[in-house]
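All remarks here apply to the structure that follows.
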Amino acid sequence: MFIVYIRKKSVPMKSLIVNPPEKGVEIKDVEMVKPTNQVLKIRILESGICGTDREIVNGLMATAKPPVNENYMVLGHEAVGQALEDGVLFHMGDLVMPVNRRGCNKCLNCLTGRPDFCETGEFVEAGISGLHGFMREFLYEKEENLILVPKGIEDIAILGQPLSDLEKSLSEILTVQRRMIWTCQDGTYRCRKALVIGSGTIGILTSMLLRSNGFQVDVVNRRDATDKEFRIFEGIGANYINVGDDLEVLKAGNLLFDLIFDASGSDADLLSKSIRLTKNNGIIGLFGFPSKGIASITHQDLQKVVFKSLIVVGLINGQKPHFERAMQRLAEWKSVWPDVVKELITGTIPVSDSNSVISALQRKKEGEIKVKIIWA
Amino acid sequence: MFIVYIRKKSVPMKSLIVNPPEKGVEIKDVEMVKPTNQVLKIRILESGICGTDREIVNGLMATAKPPVNENYMVLGHEAVGQALEDGVLFHMGDLVMPVNRRGCNKCLNCLTGRPDFCETGEFVEAGISGLHGFMREFLYEKEENLILVPKGIEDIAILGQPLSDLEKSLSEILTVQRRMIWTCQDGTYRCRKALVIGSGTIGILTSMLLRSNGFQVDVVNRRDATDKEFRIFEGIGANYINVGDDLEVLKAGNLLFDLIFDASGSDADLLSKSIRLTKNNGIIGLFGFPSKGIASITHQDLQKVVFKSLIVVGLINGQKPHFERAMQRLAEWKSVWPDVVKELITGTIPVSDSNSVISALQRKKEGEIKVKIIWA
Amino acid sequence: MFIVYIRKKSVPMKSLIVNPPEKGVEIKDVEMVKPTNQVLKIRILESGICGTDREIVNGLMATAKPPVNENYMVLGHEAVGQALEDGVLFHMGDLVMPVNRRGCNKCLNCLTGRPDFCETGEFVEAGISGLHGFMREFLYEKEENLILVPKGIEDIAILGQPLSDLEKSLSEILTVQRRMIWTCQDGTYRCRKALVIGSGTIGILTSMLLRSNGFQVDVVNRRDATDKEFRIFEGIGANYINVGDDLEVLKAGNLLFDLIFDASGSDADLLSKSIRLTKNNGIIGLFGFPSKGIASITHQDLQKVVFKSLIVVGLINGQKPHFERAMQRLAEWKSVWPDVVKELITGTIPVSDSNSVISALQRKKEGEIKVKIIWA
Amino acid sequence: MFIVYIRKKSVPMKSLIVNPPEKGVEIKDVEMVKPTNQVLKIRILESGICGTDREIVNGLMATAKPPVNENYMVLGHEAVGQALEDGVLFHMGDLVMPVNRRGCNKCLNCLTGRPDFCETGEFVEAGISGLHGFMREFLYEKEENLILVPKGIEDIAILGQPLSDLEKSLSEILTVQRRMIWTCQDGTYRCRKALVIGSGTIGILTSMLLRSNGFQVDVVNRRDATDKEFRIFEGIGANYINVGDDLEVLKAGNLLFDLIFDASGSDADLLSKSIRLTKNNGIIGLFGFPSKGIASITHQDLQKVVFKSLIVVGLINGQKPHFERAMQRLAEWKSVWPDVVKELITGTIPVSDSNSVISALQRKKEGEIKVKIIWA
């Protein structure tokens, strides 16, 4: 019997390091072991910052945790990189985006490439839970976990990760609604009214996606739209409504909806109010994690859920097919809404400016939609 | 221009009359106009009594109302009758069951035979809202609204109407769950655990239906099972659990479910508890109308809904395809569970015994599953 | 390192032995090794004889072959047995039916319990190719490969295997047709006309299945119906038509169909004729293997396929979910069509009468629908 | 009773006139009645020329016919126009594309906006059968029949009509294949090999669409690729193979396919050859109308169709949802494959150059992909 000592190359690289659930983040050089199995070396070009990163950095995400047997984790689940060598599916120079959730390799959904429906809960998520993330100089990655980024959209490609979650969500909504005829008399969704709660990054991308799919879209928030928001929503043909503290003012205005999408992840009570704003055969999609409040749903509300054939669905995580669709969608938007698309990247920070990077990871600036850290 | 005076035959017949939302019911002879369009004359053989009938009789159903321009309504939405003449689809002597909900003739779902998903809400329901029901000696009915009742199951066919609602409900649940792989490694549903809340008529029929479809079934109620319930649930291979006043004792016992079906329509709070008892990728079906309580769903609960890809769906009304499947199901059960099936009809009352009929319409007897009024 | 010698019990038992692709069959005692993994001991009660068995016995099936490294194969893929011990899912005394096709354990369809769509082609089929069949006294089988046979239908349960293939086929047809609205104005299939080609076992079971699902059914063959066929088709409400040698006489009679199901597996030319008999949005299902002929499909025929959105689909093999549905269907039919069901088992032969068994395996008797070999 | 004489404005306009099934085409001013119902006035900007136009002009399309009670027909079913007034859904100045097939208003598919699956066959097709086409200066059109053309793609938008047919076709193929697991281990279609027969306009657009959806694509024709074709297929990552006169050379090279798409509409015999080139669970899509030949499909071929669960599907006509997707797809391609997209419009002819227009309608030039007539 032979014992083979495999020489794993250890590569030092600049990385953004967290140690959840503890608070804090730092930039330092760490040695990362190159896996010995078939992987592609990738130079990270840019990382996107998202609310989840800030929750981890601020010690607010109880479920975040480093990889097994490690006492730190590289942060980051949104990245665009460049292949530094030829692989089987990719060529040197190709732009790529890594998929962030990886399956349990046990349940049928994971075995068929759909860890978004992992049944064991034993998946890992890069930069969030159980797997090093992408905020580092280099990445060694199996090609099967990579998406090709078309060069024509490299400026906005970083939006592909959050958009993949929304492509998955819309796909799920439309699948669920196929239990009846929910398309209109002309076969499209043009007769359907959607309400998007929240006008942050997710609210904006959701509104764009729903407009692309033909829905009429009202976006609401508790305040007036900023000029930027005004330009974006006008550009895509969506309405913005300031509902103040009470979503139910919409009902007073007799505004009812076929689809309500909670893109705010703020107050649980939005669910009870949403039920009261939903039309027959309507659907309420919950995206993001409410951080406070209680939904007090009366028995009369539930009678409506039954009587109107309503559905409430939890929406999470896009997978490879949704990343691919997200790339196509961004390419589409770049041709159709070039001016809107330009509004979406609101800042870029070179990794060398460590103070700004740390600061951007600690708190969101007013008016921010998507900020990128530039690695190379 | 010609004016044609069409002679509509007016036929007096014994009927069970209500005037919702007023309380009360009486048996009397009413004159009912025979429609002039293509209808089949049917002798009603038996009527089923259901909880909705009692709500109407006891003045508790605010949405019940007589047909337009009438000051009374014939009660009844569960009936087996016999064709008294040859039609196009049916022959004299055929046993038939009328479908109870009729569409709005406007929306796409109604135009395609699916008023269970009526979008305008302008449907009518025999014996409940806007249309005379079936508790009367004769019925004139368009053949398209009739289902053939196989003679081999005439003793239990009256269960076809409630079962049609459940066939529709299960069909909807399975359709919704096809957005992922929800079948087991052997392609069936045998690995799936279902919880049925309530052991009344609907709870029993739901449990039977789920067992037929391969699910593992736990049925719960607040009390011990009656002997009859014990025989039924043992006969079909379901477990009965007395959970007392707190459904969450199941959680203490580490019992979690893939499917939770509220067949009790009692307390809204069952929804919040159900969310806490649901596995990843689980579904909660609401059937029936909770009459009290509030579901207090915390933001942590809603985080679970999102994180676990849960779905909550309102389930109502079976249509013609579901009535047909219900007839097939009853025929199947008669061969597979002959002893269980015999337990389901717990009483028959001749219409001539008017006191007993009125009394049965006012309150449910202990141990009742399905009681029939016999007309002929 | 330990080497464990596992003691496999070798059990002699009477079996029907073939050695495909060589001609011939014999009854003899063979020693069969009991697998050491978790299996249930089953006594075979009865075996069904099917056309495939006869093809193997007569040396006409080129693809038939014994298990790897064996020079003989036990014949038989239709069986009802009885559990001789308690298992996890089954109890001693339970009636069971083994599933006949077993997956490759590699492709996604096999991993999810659907070897009917095996992509590698490396599945095995009991009694046909690569796996010993069920025509023997005892069977050791993993519980996951067994279906529970309801006791109320034990007399006809042997039909469950061929019927499972047809449940799968119909399920596939209806799934494919969901790409449009193919249900009728009342939500059922009652407006759809089906043509079943062939009135053998498969033709009869298909006709019954289509009638159960609401289709109008015409069955055709080249000759007049036998008295038995007449009783069966009248009993289920299907029409029988003698089309002689030319299926296209139906066209002369202006009979066109929404669904054409080739249950004859005889002449390839039936496909070209079927195309000419199909309505807009129609589907042609091919079941069984044509043994002669050429389908000469003109470019005009193909223009029709395109213009009418026709579909031609190859239909094969039912799996566990279809076996379960087949059992339910037989139970349903026993209640709905008790007299028809009695016509279907046309003979039983005790295995002790070896001459009759051999003879029955060599040629089909006139009027035969399903013949059973009785083992115990 | 009142008789209302409605004044229909008759508008003279330059049009391309045919009188099918007679041969010939001419440019002349015709008076066209403005419909009195709600329509939008549109100025036609450009018309696309397609093979069907040439068949009509050359008298080769037997099914082409003018509108009822008219002795001529305006040609053209591919057009981009501009709204000359504000409507309900569109604004003055919007670019629009009219949908070419209009439903029968009777069958369920047409009532739900899907005349591509018209069941009565009583639909009309602009410029082809029963409805005036779009090769004229102005169009009065109901807004429901119009698609918004994003301004960013106006240069290639004319491709939207043929592409809508292909979006519908692919949607149908993927729907049909959902009867099994046909996605790969990573949830995409990247493991699937597609063969596109023909490298004309349809072959090119199909290849692009399949590449966008992740398929591996081989395109075949009887000759070497032109330089333009080479650039296009290299640009999108598809392989081009010269198969000469015999498609089955692919089999010799052991090339088998999951999806075969006949984009040539040439010889019926390609079907028989395609069957022999298809993998397990494969699908063959027929698009376009073979104009010659016979598919001689042997009984061995049909055995394969059954054994391998193959499917053959006729693919025709995109509807409004597919036009919308086609616009999105063109917008995507413009960002992703800007150089390829530039190759697709191979000529523009001002309508004033009547000789060139007539000539272009009579025969296809070598190397042509899409030629546009410019109206304004």
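Lettered A, B, C and D in written order, each chain numbered from 1.
We take it that a residue touches a chain if its C-beta (ideal position, glycine included) is under 8 Å from a C-beta of that chain, and two chains touch if they have at least 3 such contacts.
If you're wondering where the values come from, they're calculated on a predicted model, not measured in any experiment.
When every chain is reduced to the mean of its CA atoms, the largest separation from subunit A belongs to C.
When the interfaces A-C and A-B are ranked by C-beta pairs in contact, the top one is A-B.
If you average the CA atoms of subunit A and of subunit B, the two centres end up 42 Å from each other. Look at where the CA atoms of subunit B average out and do the same for subunit C: the two points lie 36 Å apart. Averaging C-alpha coordinates per chain places the centre of subunit A 48 Å away from that of subunit C. Subunit C has residues 108, 111-112, 114, 181, 183, 185 in contact with two or more other chains. Touching subunit B in their complex are the following residues of subunit C: 89, 111-114, 144, 150, 152-153, 181, 183-188, 190, 212, 214, 319-321, 324, 328-336, 338.
Residues 108, 111-112 of subunit B are the ones that touch subunit D when the two sit in their complex.
The residues of subunit C lying in touch with subunit D in their complex are 108-109, 112, 114, 116-121, 172, 175-176, 178-181, 183, 185, 267-268, 271, 279-281, 286-299, 301-316.
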